[in-house]
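A, B, C, D and E label the chains in the order they appear, each numbered from 1.
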Amino acid sequence: MYDLLFLVFALPLAGFLILAFGRGRLGENGAAAVGVGSVGGAALVTAGLVAQFLGHPPDGGAYTQVLWDWMKVGGFTPHFALRLDGLSLTMLGVITGVGFMIHLFASWYMRGDDGYSRFFSYMNLFVASMVFLVLGDNLLFLYFGWEGVGLCSFLLIGFWYKDAANGSAARKAFIVTRVGDTFMAIGLFWLFRSLGTLDIQQVLQLAPQAFDSESGRQAVRGIALLLLGGAVGKSAQLPLQTWLPDAMAGPTPVSALIHAATMVTAGVYLIARTHVLFELAPDVQHLVGVVGAVTLLLAGFTALVQTDIKRVLAYSTMSQIGYMFLALGAGAWSAAIFHLMTHAFFKALLFLSAGAVILACHHEQDIRKMGGLRKTLPLAFWCFVVGGGALAAVPYITAGFYSKDEILWQAYAGGHMDLFLAGLFGALLTSIYTTRLILVVFFGEEKTHAHAGHGVSYWLPLAVLLVLSTFVGGLIHPPLEGVLPAAPGEGGGAAQLGIEALSGSVAIGGILVTALVYFTRPRALLALAQAPAAQAVRRFWFSAFGFDWLYDRLLVRPFFWLVRVCSGDLFDQAIGTIPELLRHANVLSTRTQTGRMRWYAASFAAGAVLIVAAVMFRG
Amino acid sequence: MIVPFEQVLFVSGVLFVLGLMGILIRRNILFVLMSIEVMMNSAALAFVAAGNRWGQPDGQIMFILILTLAASEASVGLALVLQIFRRFKTLDTDAASEMKG
Amino acid sequence: MNGIALLPLLPILITSATIVVAMLAVAFRRHHWWNATVVAIGLNLALLASAWLLLPEFLVRFLPQFAGAAGAPVIPRAETPLLVVDAYSAFYMSLVLATALATATLSYAYMEGHKGNREEVYLLLALSALGGLVMACSRHFASFFVGLELLSLPLYGMIGYLVKERRSLEAAMKYLVLSAAASAFILFGMALVYAQTGSLLFTEIGERAGGFAGPDHSMLLVGGALILVGIAFKLSLAPFHLWTPDVYEGAPAPVVAYLSTASKTAVFAVLLRYFVEAKAYRYGGLLDVMTVLAVLSIVLGNVLALMQDNIKRLLGYSSIAHFGYILAAFIAAGPLAVEAVGVYLLTYVVTNLAAFGVVTLMSSPYGEHDADALWDYRGLFWRRPNLSAILTVALLSLAGIPMTAGFIGKFYVFAAGVDKRLWVLMGAVAFGSAIGLFYYLRAMAQLYLRAPWVRKYSAPLDWAQGAGGVMLLALMILMLVLGVFPSPFIAIVQASGLAGQ
Amino acid sequence: MDLVFWIPALVAIVATLLAVTNYNPVHGLLYLIVSLLAVALIFFRLGAPFAGILEVIVYAGAIVVLFVFVVMMLNLGDAVVEQEKRWLKPRVWAGPAVLCGVLIVELWRVVWPAGATHPLSDAVIDAPHVGVALFGPYLLAVELASMMLLAALVAAFHLGRHD
Amino acid sequence: MILVLLFMLPFVGGFLCWQTERFGRGLPRWVALGTMVVVLGMTLYLWATGDYSVTLLGPEHHWVHEYQLAWIPRFGISFHLALDGLSLILVGLTGLLGIMAVACSWREVQRHVGFFHLNLLWNLGGVIGVFMAMDLFLFFFFWEMMLVPMYFLIALWGHNAPGGKGRVYAATKFFIFTQASGLLMLLAIIGLVFVHYQATRVITFDYPVLLHTPMGPQAEWWLMLGFFVAFAVKLPVVPLHSWLPDAHSQAPTAGSVDLAGVLLKTAAYGLLRFSLPLFPHASAQFAPVAMWLGVLGIVYGAVLAFAQNDIKRLVAYTSISHMGFVLVGIYAGTDQAMQGAVINMLAHGISAGGLFILCGEVYERLHTRDLREMGGLWSRFPFLPPIVLFFAAASLGLPGLGNFVGEFLVLLGTFRAHPLIALCSASGLVLAAAYSLIMMQRAFYGPPKGDEPLEDMNYRELATMMSLMAILLLLGIYPQPVLDVARAPVQAVQELYQSATGLLSQAGAP
């Protein structure tokens, strides 16, 4: 079974190629069959792999399939090799499983669009790249997938290319993540410089000795920082988070797959993968947590005031990934991955049902124009309730609770009180904005006439994800033992129960309070919102704390200024002065050609006088 | 008192320069040709003077050759003057400055 | 003097005989083809004779296995008091004679359309060539001077040959007056040198000059400088270059071909011999002056040519620059410099002949006004591809692009200069070549651009069947062969090195 | 002071100066003849009687006469004198005069270096000496000079044609 | 002998093209195509049959194929052709892009087809000569010889871009830049020969002999500079680059392909083959300057590419940026960097060539190259936009495509020796994304300017593009065959150079 590992990427890749070359000739059903079927096949293979892995784990807990040598240059010999261990298996499950559901949903969602087969070709390419990312056994291979998903993200965000804004959003997403990628690439160069290899296992083995000196510690700190740079870019954490909300310009299934479930969590994966390096640089590791904590708070505040349904979800994604970073920072490696998984379930669910809502409301995304949809869209409503519950971590019945609670507990147990408190406060924010979203969209008066979708590709993915977002999802435990080190607070007992109770009550409290205010004092809320100070705060939060503005002033405008200054090619102009000078010289010297013989004779005589003088004095 | 040979050379130099000046200042091509003759003649004088210094006939032979040249030059030049006067109706050298630049 | 001793003077004698015969032929009956043929035959014989002088030396160097067949090398063959016939002079005589022949051929094509006396031009050409031959052999001030004048005097007639053309007359006037002034300078300079050294023979001057010191040899030096002034005029080196474009523009095209090649070649030959034999290289002052002249010529020549729209003027300016390059090689001194000068002159002569040849053929049928505006050449390639190809190769060769003769010449200049570390000069050469490209390309591009209008000046369709056309094609091939396979030519030039180095 | 040399020398210089600056072509030519005759006297003083005689016969007698012929042919009269007066302004001659002055100073410095003076010899090199040399080593030069004259003949013939 | 054949072929073929035009317009195209196919075929044959693992730059140098014939014995100049892995790769690239150039001008060139192909093939022949010449004189000979046909290609078949200064201007600028710098190189070559002559009394232009010229540091420095300037102009290195955008934007498609794909590579080749091995110490001393110039090129090229409105100019500036990587890689002196530079040369040749062909195709259909007049083209072609996307992705260094391998290796290798330079160069990755995507976006995204679909690519165009894409992809995921061939010569240079830099001991990693 392990031999079939390559199929996990080969099938989607084949799907991509078929769709890319057969475009326009397959028809919508054919394209759907290829696009969804290839990912389905990959999911099946993954299921088989999971079964085998759980039943008969490979030696050493990992299986490596070497496809071919990529290149051999000096001491640099990366292979094209796939490595399957618990971590990548988990990721694989999420990618192909959730990916399959989203593909299925998309085959319904995208129906009637011009670029139907194009859409699936991109999606398949994305899945293949993502599989590369998680299966790569060396960092170069990982980087390969890393960039591949970036490109697919670009393509899919700009899928509706006729609107120039979508193109800009896509470009922004790519370039901002590319900044992070470049940090990561530099990190790889440094790693190679220090260790002479990019093979992940070798890196992890060699690192502790190699960096066991003062300069080594400096180096590993730098490397870890650079890798963190890559991770924050991909995972939309501070300070490279600005692209994610704009990325919502893509079709909603894309947001579900790429910008919620899989790609944006790649940063988490990367840090977990290279955990040894971060452990060797504890201050950077703590920084990871701090980044996560700040992001989750910032995103939480922003989500509170957003009016676009997808943007609310986008900020919530940022915030949830913040939790994962927080977990990584706290050393709760497994908890982070666990949260990654459950988050994939419930956020995919939320996005898909948001998609259902948007489609039902004729591509309307503004929640202020929605309302009272629970009657017309019952499935979507329940999905939102469950997914939102998981997001807010309603105790015990949702998947989100298990993972988030784990994170908070580990943070607490590891002594990271700052992270713990931030997480707790974030939980409150989460429950508030989630409740707000559900209430605004599904309760109140009906403002638009919505059409519910139907068909198996519509409800099946929702149903499956719905189930997974409940406590069922929380029961799935990724087989991460041996891959990631154990966290400090394993098996906490009573203290853990206490934390559970605390976080649960925060979540429920947030929900209740919000609902209460919404149902009983809507006017007071409005009045509060009208206050000038509140307006200012709201605007500030709405703009996600002004990062876009800041970057515009700090980076974009200077760049465009530079471009404008250089656009005439300064060096070309500088060199252009030479012909200009020569032309002047030509004009001047041509004036000496007067055509008058006496003048010629005079120059003759003058030349003679000068030469005689020169010879006399020079001797 | 015996004249130093250098003084003769200097006189020929003065004549030479006077001829040159004639070329530089005259617009009438006839005078220009005359000035050329003066220059040739001064060179001849220098040769003869040098021949005197070394007691050789070579200076005088050069004089004879220069004389030949002067005659040739004058004949060709005067023929040209005639032709130019015919085409340009003037002996002004500045009038014949169509080509420039 | 017995007959054998006269043998080496054969080229000169044959040319003189040709002149006499041609004069008689013209006197007997004016007939263009017939008179031209007489001169051509005579010049051919003279060329054969001078090539025969060079042959043994060449064979020794290039094809040693055949060296015996041509007889033992007997050069230097003769040293009359005034002339010396050695391999060096044989080479330059050949060059002058070949150029004269080419000019005769071009003149024939050109003069066909001329109304008026057409025959004297050959006579004048042969006379001028004789002057060139004398200069190539000259080792004495007297022969130097007589040769120079014999070279120049017929040129007055040739430049003003189109007596109805105002521009032709104007050119003749300018050249005559200034050239005569230059001759006067040379004469006065010679007189000073003679006054100081008491000899007119180059080698003796060199020997005696060694004995002077301090301010004593100032007369010698200034004499040399005055000679240099005159020669610089003849070579149109800046700042004595002002006449060049005007004369080039006004003179008939084939005459310019001759003026820009043979006359300058002969002058350079004698200058080089004078510098070597009279050991003038030891005077740093003279060399410094020459360096300045070379740099000035290179810069001014190229700069002046930049925006020039008249191809004859353009080639005139370009020749100013080219003699700057040659002078740069000249200044380097030593055997390599002599060789470099020889090679460069060879390539330059071939190239310039081809370029002016095309101008000549373009101008021939209408006689009165040469096709000298760049405008006239626009789109020529699409009408006369071969003629354009010749001009293209010539322009590329002038620009010094590989595969053409000019590149070999430039290579030699660089070699000579680098060998002696003349960095300033080499920098000037490189700079000049770089800006020179601009106008060569500008002229070249004209040939290939579309020309929608009526072409007024155009070569006859059958141009290639005439002797001029055949010769131009041969020149193009020669340019390419020189550029690609220069070894035999290098061997010739090497064979004709100057003794006494 | 060697008056036999200096008087003709001064005459020559003054006459030449007048020749090249005169307004009237005929007067200029007359001054030129004076100058040439003075130079011929110097030749005699330099012990070159043959050269002196040639100077008188060929230069003054032939070449200058040629000029006179041309002047007569072209019929240059008072109009020319007026014209020359207009042309010969200080503005025109000042620059060249300075230039020539510098050149004279230079030549003076060159030919008259302090202390290095060679007195003229009184030896006479007369016609036989010259003839022997001319038809000995300089034979070829004579022949070539004849060619030169031929060239001048042909060129002048062609250029001077009247058609 | 096969080498002589290889380099003669384009010349003979070109001549035939010219002469066969009288029998029909199509014929020259087929002759040209056939010639270039044979060239490529011969390269592949040489590749398949030769052993390219043992090239030494030593007294006992060994070339895989060699041909030597006395040419100008006066100066010890010989007609010396030789082939090693590096040459082979680049000759192969020339053959490949030659085919592409012929193919892409199939419909574009309608005037004087024969003469066009004559120029094209002669240019390619000159380039092949450059890659195989092992005599410095011969090298220079070819170096200059390839200019004239290129001049004609630009001046006669080029475009007069609106607002631009015209094709003759561009051609002249190109010519003067390269020729002027070439003269400096000629001076340096002759200087080197005379230095060698003074040391050994042997006058020769033979490369292997000159490799071991003893010279003082100052002489070495100046001579190296002479070579460097010539190569820097051709590469181009930033302050000397200004001929390139003009030449590219006015050149016909085939000319651009040729320029970007092959001609620029001659400079990099020259650096690797001549500048570094002949003057290792001076080069090592000069390396920081060269590398910083490379960084400047990377950034400056990218910024200017971003600023362009003319799509061909945009691509032209990207070439400057990419060649900056090559320059950095060559001077970094580690094996990864140098071999990365080689891969980068190859990949850039193909990707830039592809982009230029695509620009040409867009121009053929829209009759404009102005990005402001494009927009929304995605909906109007089925195939062209994704293919452009592919090449844009290649140019921004997407992993899996050849450029990535090159750039990554360059940066990886450079970081080992000069972290700061690698750091600054890496900014090029971000900027590359910026200009590639802005190009995509301005041309293909946004509301379409018209409704009627444009003529899509025909099979000829598709086939050329597909083959280029396949090669680029192969280079991206399995560059090993190329690396194998290039390793020996590059390593030899690198060792020579590294012993000069003293880097070997300093780099900690293997």
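Keep in mind that, in the parts below, a residue touches a chain if its C-beta (ideal position, glycine included) is under 8 Å from a C-beta of that chain, and two chains touch if they have at least 3 such contacts.
As the structure is a prediction and not an experimental result, all values here were calculated from the model.
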item	value
Set of chains whose contacts include both subunit C and subunit B	A, D
Neighbouring chains shared between subunit A and subunit C, ordered by label	B, D, E
Most remote chain, CA-based centroid, reference being subunit D	A
Farthest chain (mean CA position) relative to subunit B	A
Inter-chain centre distance, subunit C versus subunit D - centres from mean C-alpha coordinates, in Å	32
Chain centre separation in whole Å, for subunit D relative to subunit B (CA means)	6
Chain centre separation in whole Å, for subunit E relative to subunit A (CA means)	37
Rounded Å distance, subunit D centre to subunit E centre (Cα mean)	70
In subunit A, residues with contacts to at least two other chains	590, 593, 595, 597, 601-602, 605-606, 608, 612, 616
Overlap residues in subunit C, where contacts from two or more other chains coincide	142, 146, 149, 153, 156-157, 160, 163, 172-174, 177, 181, 192, 195, 218, 222, 245-246, 435, 438
Multi-chain contact sites of subunit D, meaning residues that touch two or more partners	95-96, 99-100, 103, 106-107, 109-111, 113, 116, 138, 141, 145, 148, 151-152, 155-157, 159, 161
Contacting chain pairs - touch in the sense defined above	A-B, A-C, A-D, A-E, B-C, B-D, C-D, C-E
Touching residues on subunit D, where the partner in the complex is subunit C	106-107, 109-111, 113-114, 116, 137-138, 140-141, 143-145, 147-148, 150-152, 154-159, 161, 163
Residue numbers on subunit C that touch subunit A, as the complex places them	173-174, 177-178, 181-182, 185, 218, 221-222, 224-226, 228-229, 232-233, 239-240, 242-243, 245-246, 283-286, 288-289, 292, 300, 303-304, 306-307, 435, 438
Subunit A residues within the subunit D interface of the complex	602, 605-606, 608-609, 612-613, 616
Parts of subunit C lying in touch with subunit E, wherever the complex brings them together	382, 396, 399, 401-403, 407, 410-411, 414-415, 418-419, 426, 429-431, 433-435, 437-438, 441-442, 445, 448-449, 485-487, 490-491, 494
Residues of subunit D that touch subunit A when the two form their complex	95-96, 99-100, 102-103, 106-107, 109-110
